[in-house]
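Across the two complexes that follow, subunit A remains constant while its partner is subunit B and subsequently subunit C.
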Partner chain A sequence: MREHLRTLRLAAWLGWQLETNWASPWLFAVYMVIKPVTGSLMLVCMFYAARYATNGRVPAEFLPYLYVSNACFGLVGTVTFGLSYAVVTDRERYRMLKYVYLSPVNFQTYFAGRGLARVAEGVVGGVLNIAVGLALFADMRRSLGGAGVDWPWLLVFLAVGVAMLWAAGMILAGACLNLSRNGMFLSEGISGVVYLLSGVVFPIAVLPVWVQWIGLGLPTTYWLEGMRRALMGPVPANVSALHGPLEAWTNADLALMLLATTAALVAFALWFWKWNERRAWQLGRLEENAGV
Partner chain B sequence: MDTPAIRTENLTRTYRLPRRRWGKAPAPDAPREFTALAGVTLDVRPGELFGLLGPNGAGKTTLIKILTTLLAPTSGTAEVGGLDVVSQARRIRPFINMVSGGESSGYGILNVRENLWLFARMYGVPTALAHDRIDSMLGVVGLTEKAGSRVSHLSTGQRQKMNFCRGFITDPKVLFLDEPTLGLDVTSARAIRGFVREWMKQDPSRTLLLTTHYMAEADDLCDRLAIIDQGKVLACDTPGNLKKRVQEYPIFELSLAPGSGGWAKLGDLPGVHQSTAVEKPESIEVKVALFEEPAIGAVVQTLATNGARILALKKVEPTLEDVFIELVGHGLADAEETTAKGAPADA
Partner chain C sequence: MPESPRHPATPSPRHAAKLFVAAALARSYARVAWLFRSRSWMIQETVLPVLAVAAFAYSYQAMLDPRSNPEVAAQYTGLVVLGAAMTTFWLNVLWGMGAALYWERDSGNLELFVMSPAPMMGVLTGMALGGMTTTFVRATVIATAGVLLFDVPVNPTSWPLLGLVFFLTLTALYGLGMMFASVFLRWGREAWHLVNLLQEPVYLLTGTNFPVSAIFPKAVAAAATLIPLTAGMDAMRQVLFRTPGIFGVWEEVAALAVLSVIFLFTARWLLARLERRAREEGKLTVRWQ
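Up next, the complex of A and B:
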C-alpha cells in the first residue's frame, strides 16, 4: 500500500511537471485558459445567435447549462486523452515506458498517478473557465449564485467522476499500448462521441429515443447532470426546454447510478488494461517504436 | 550450489510478422514468423560479469528483454535470481535494472538530477541516499556540472551517460547493460569500463550481463562470454579459453636484422611446432608456433648462438575477434579486413 501511494505521488509529480513545466509560460496559459475559454465562448455566441434568431425563445437558463457542462466536460478530455497521451509519449517520445515497466512500480498505479496530474489540470482549467463565465455573463451569475453551490454533492460527484474518468482513460490508454501512436486518435474520436451523447450542450431529450438510451448508458451523462445540479441547483420547473429523462431523479439516484456505472467501468478498465498489458508484453510492444 | 543469477533453458522467441498491410497485396511467400532466439541455454553465476557477443540481429537485445520481464518468451524457461520471468516477474523487478545504449531516453523537461531521482524513488531508494548516489554516479561519468541541466539540452552521449547512471542508482543485484558504451568517446568509455569493473568488485553478489560490439571491451571486462548468432549460442566460455580454441599453439613474431643466421633451423627445435620466415630488405620476419610457451627461450638462444640480431620479439595473441570470425563466419568489422584475415567474406 505504501508503495502504491509512493508510486501515485511520483507519477502525479512527473505528470504535473510534464504538463506545466512548459518551455514558455505563455504557451501554457494559452493551453490552460485561452483554449477552453474560447471553446466556451463559441458556445455562448451560438446561444446568443439562437436566442436572437428565435426572438428570445431560447431560455436564459440555457447559457449556464451549456457553459457549465462544457467546462466540466473539459475534464473528460483532459483525463482520458491525457492518459493515452502519457502511454504514447512515454513510449515513443521519452522512451521511458520500458524502464517504468521493468521497475518495481505497479504499472496501473503509475498511470493512475499520471491521470491524477491530469485531473488537477482539468479541475484548474474548469474552475478558470467557469470563473471567466461568471465574470462575463450575468445569466451565469444568476444561475450559479441563485441556488448556491451544493458543496457536499459537488464533492461526491467530483470524486466518483474522477474515478469514472480515470477508468475511461485507462481503457483508451490500454488500447494505446497495442495500437501505436494512432491509438491517440481513438481517444479523440470516442471523446467526441461522448460529447454528443451525454447531453453536454443540449439535454439528451432532443436526441432520438434509441440514441437517448445509449446516452443513458454512459456514466458521463449522470456525472454531468450531477455536476450541473451541484453547481446550479435543479433546472427550474418552468424551463421545459432543459428537461431531460433524468428530470425526476434525485441527487442520490444520480449518484448511485453514477457509482454503479463507474464501478462497472472501473472493473472493466482494470481487466482490459491487464489484458492489454499482457498482450503488449507478448508482442513486444512495450518498447516498440512505431516510427509513424 | 548457488542459485544461478541468470538461467535460461531452451529459451526461444519468435516474432509474428505482419503478412499484409492495407492497400498492399500480401507477399505469397512471406514468412509468418521470425525466430530471434532459437533454444538458448545459459547459466550465469552470481558475481559474474557475463558478456554476450554476436552480430547485429543475433538476438542479444531480445534475450535481455525477456530477462528484464519486458518481453514474453515463446517457449523454454528463463530465471533471474531463481525466479521465473513469466510467473514471478513482479518479484524480479525490485533487484534488476537495465540500461540500453544508443538511445536517447529521458524526460526532456526534467533535469538530469530529477530524472535520476524519480527512478531511484520508484525503486524505493530514500531521497537523501538517492542524491548521494546520483552525485557519485554523475561524477563517474563526468556529468556533474550537468546535474541541473534539462535533459533536452544534453548531447546524445550525455543522455546516454545519464541513462547509464539510472541503471546503477537503484543498486541492482542483477544488471543488464545493452551496449553501454555505444557512441561514447574513448575516455568516457574507458571510465565506464573502469567503473563497471570496480562496481562488480565492491559486492561479489552482484551480477552483470553485458552486450557489446567492442571485442576489446568484452575481452577486458567479462569473466565469461557467450557468442550468439541467429538466436543460438555458439560458444560459452572465458575469453581466455575461447581464444585458446582458435589457437592451440602460442605464436611469436620475431624481427631479425638483415643477414642474421639461425632462423632457418628453428623448425627443428623440439618445442617448436612450426616456423615461417619472410625475408625483407630491412628485416627478416619470423613467425614461430610453439607447443608450449617456454620454448621461446630455446628459440632465442638458438638465434643468439647463430649470431642473429633480434630487433623485436612479440607474442601475437589470438584476439576475440579471431574467435568471433571463426565461430560466426564473418567479422564485425568491414568485409575487407575480414578477407585479409582469411575468413570467407561472403559467409
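Up next, the complex of A and C:
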C-alpha cells in the first residue's frame, strides 16, 4: 500500500511538472484561466446572439446553464484526455513508457497518479472559470446565489464524478496502449460524443428520442445534471425550454444512478486496462513509435 | 572557393524557381498521400467536428425554438456549420503549419530539411498546399453533413464572390501559418501550449459560432479582422446568409488581400532571421525540450 501511495504521489508530481514547468507560474496561471474562460465566453456570446436575434425572448436561465455545464465539462476533457495523452507522450515523445513498465512501480498506479495531476488542473480551471462567470454576469450570480450552493450534494457528485472520470480516462488510456497512430484522437472523439449526448450546452430533450436514450446510458449525463443542480438548484418550473427527461428525478435518484453506472464503469476499466496492458506487452506496443 | 552546404553558390533564378517548386511539390505530396493512406484518421478528423457542429446547432435550436423562429434558427445553424468548416483550416494552420517545424525537429527531419538545398520557403509552401488540400476535403465533408443534417439553406448572393473570399481567406491564413512556423522554430514545449492556447480565444474573437458584429463593439470587431478567419467568415456569412457584417464584403475582400501579402512577406523575412538565430543558439537539433 505504501509503495502504491509513493508511486501515486511521484507520478502526480511528475504529471504536474510536465504540465506546468514550461512557463513561469504567472504565465501558466494566465494559460489556465484563458483557455476555459474563453471557451465559456463563446457560449455566452452565442446566448446573447440568440437573444439579439429573437429580441430578448431566450430565457435568461440559459446563460448559467451553458456556463456551469461547460465549466464542469472541462473536467471531463482534462482528465480523460490527460490520461490517454500521458500514454501517448510517454511512449511517443519522451520514449519512457517501456522504462516505466520495466521499473518496480505499479503501471496502473503510475497512470492514476498522472491522472491526479490533471484532476487538480481541471478543478482549478473549473473553479476559476465559474469565478470569472460570477464576476462578469448578473444572471450567473442570480442562479448560483439564489438557491445557494448545495455543498453536501456538490461534494457527493464531485467525489463520484472524479471516480467516473478516472475510470473513463483509464479505459481510453488502456485503449491507447494498443493504438499507436490514432490514440491521440480517440479521447477527443469520445469527449466530442459525450459533449453532444450528455447535453452539455442544451437540454437533451432537444435531441431525437432514440439519441436521448443513448445519452441517458452515459454516467456523464447524470453527473452533469447533478453538478448543475448542486450549484444552481433545479431548473425553474416556468422555463420549459430547459426541461429534460431527468426533470422528475430527485438528487438522490441521480446520485444512485451515477453511483451504479460509475461502479460498472470502474469494474470495466480495471478489467480493460489489464487486458490492454497484457496485449500491448505481448505485441511489443509499449515501445512502438508511430512518429505522431 | 568550393561550395558547401552552409555557403552554397547562388543558384540562377530559373534553377531557384525549379528548386522551390520541386520542394513544395515534394512536401505537399507527403500530406496529400496521407489522405489516402490514413483513412481511419481522416474519418475521425471529419466526424469530430460534425459532433461539435451538432452540439452547437442543437444549442441554438434549444434557444431559438425553430417552430416559432424557423428562419433565424436556420440562419444561426448555418453560421455554426460554416464556422466548423472554417475552423478546420485554422486548426490545420496551427497544428499543420505552426507546430510543424517544431514536430519535424522532434522527429529528426528538420535538420535534413535545413541541410538539403531545398529552400525552406518551398518546404513551407508545400506544407501549406498539402494542408489546404486535405483540410479542404475535411471542410467539405463537415459542411455537407451540417447542411444535410440541419437543413441549412445554401443560397449565396454570388458564387464567384464566395469563391474569391474563400481563396483570399486561405491565402492569408496559410501566410499567417508560415509566420507561426518560423516563430515556433525557436521554441520547445511552449510552442505546443501556445498552439493549444490559440484555439478557444481565437474561436471567441473570430465569432466561430455567432455573428461578431451583433455582439462585439465595432472597435473590437474591427481589431478582430486582423485575424483572417474573422474577415473571411464575416464576408462569407454576408454572401451566404445575408447577415449584417462588420464591414462591407468588398472592404473585407480588400483587407484579406492586404493581409495575405503582409503575412507572406513577413513569413519569408521571419524564416530567414529565425532560422539563423536557431542555428546560432543550436536549437535546430534540440529535442524533447
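In this section, the second predicted complex is superposed on the first by the 282 of 292 C-alpha atoms of A that agree within 3 Å, B and C clash if a C-alpha of one lies under 4 Å from a C-alpha of the other, contacts with A are read in each partner's own complex, and residues count from 1 in each chain.
Basically, contacts are C-beta pairs under 8 Å (C-beta built on N, C-alpha and C of every residue); 3 or more make two chains touch, one makes a residue touch a chain.
Predicted model only: the values in this text are computed from it and were never measured.
When the two complexes are overlaid on their common chain A, residue A:263 makes contact with neither subunit B nor subunit C. Subunit A has more of its residues touched by C than by the other of subunit B and subunit C.
By the document's definition of touching, of the two partners only subunit B reaches A:14; subunit C does not. Once the two complexes are laid over each other on the shared chain, residue contacts for A:103 go to subunit B alone; subunit C is not touched. Once the two complexes are overlaid on the shared chain, A:192 sits against subunit C while remaining clear of subunit B.
In the superposed pair of complexes, A:94 makes contact with subunit B and with subunit C alike. Once the two complexes are laid over each other on the shared chain, residue contacts for A:154 go to neither subunit B nor subunit C. Applying the stated contact rule after C-alpha superposition, one finds that A:66 touches subunit C and leaves subunit B untouched. Once the two complexes are overlaid on the shared chain, A:281 sits against subunit B while remaining clear of subunit C. In the superposition on chain A, contact of A:3 is made with subunit B only, not with subunit C. Shared contact residues of subunit A, touching subunit B in one structure and subunit C in the other: 93-94. On the side of subunit B, the complex with subunit A involves touching residues 15-16, 65, 68-72, 90, 93-94, 96-98, 103-110, 114, 118-119, 121-124, 166, 170.
The residues of subunit C lying in touch with subunit A in their complex are 38, 40-41, 44-45, 47-48, 51-52, 54-56, 58-65, 69, 72, 75-76, 106-107, 188-190, 193, 196-197, 199-201, 203-204, 207-211, 214-215, 288.
Interface residues of subunit A facing subunit C in the complex, by the touch rule stated above, are 22-23, 31, 34-36, 38-39, 41-43, 45-50, 52-54, 58, 62, 66, 93-94, 181-182, 185-186, 188-189, 192-193, 195-196, 200-203, 206-207, 241-242, 291. Interface of subunit A with subunit B (complex): residues 3, 6-7, 10, 13-14, 17-18, 21, 93-96, 98-105, 281-284, 286-287.
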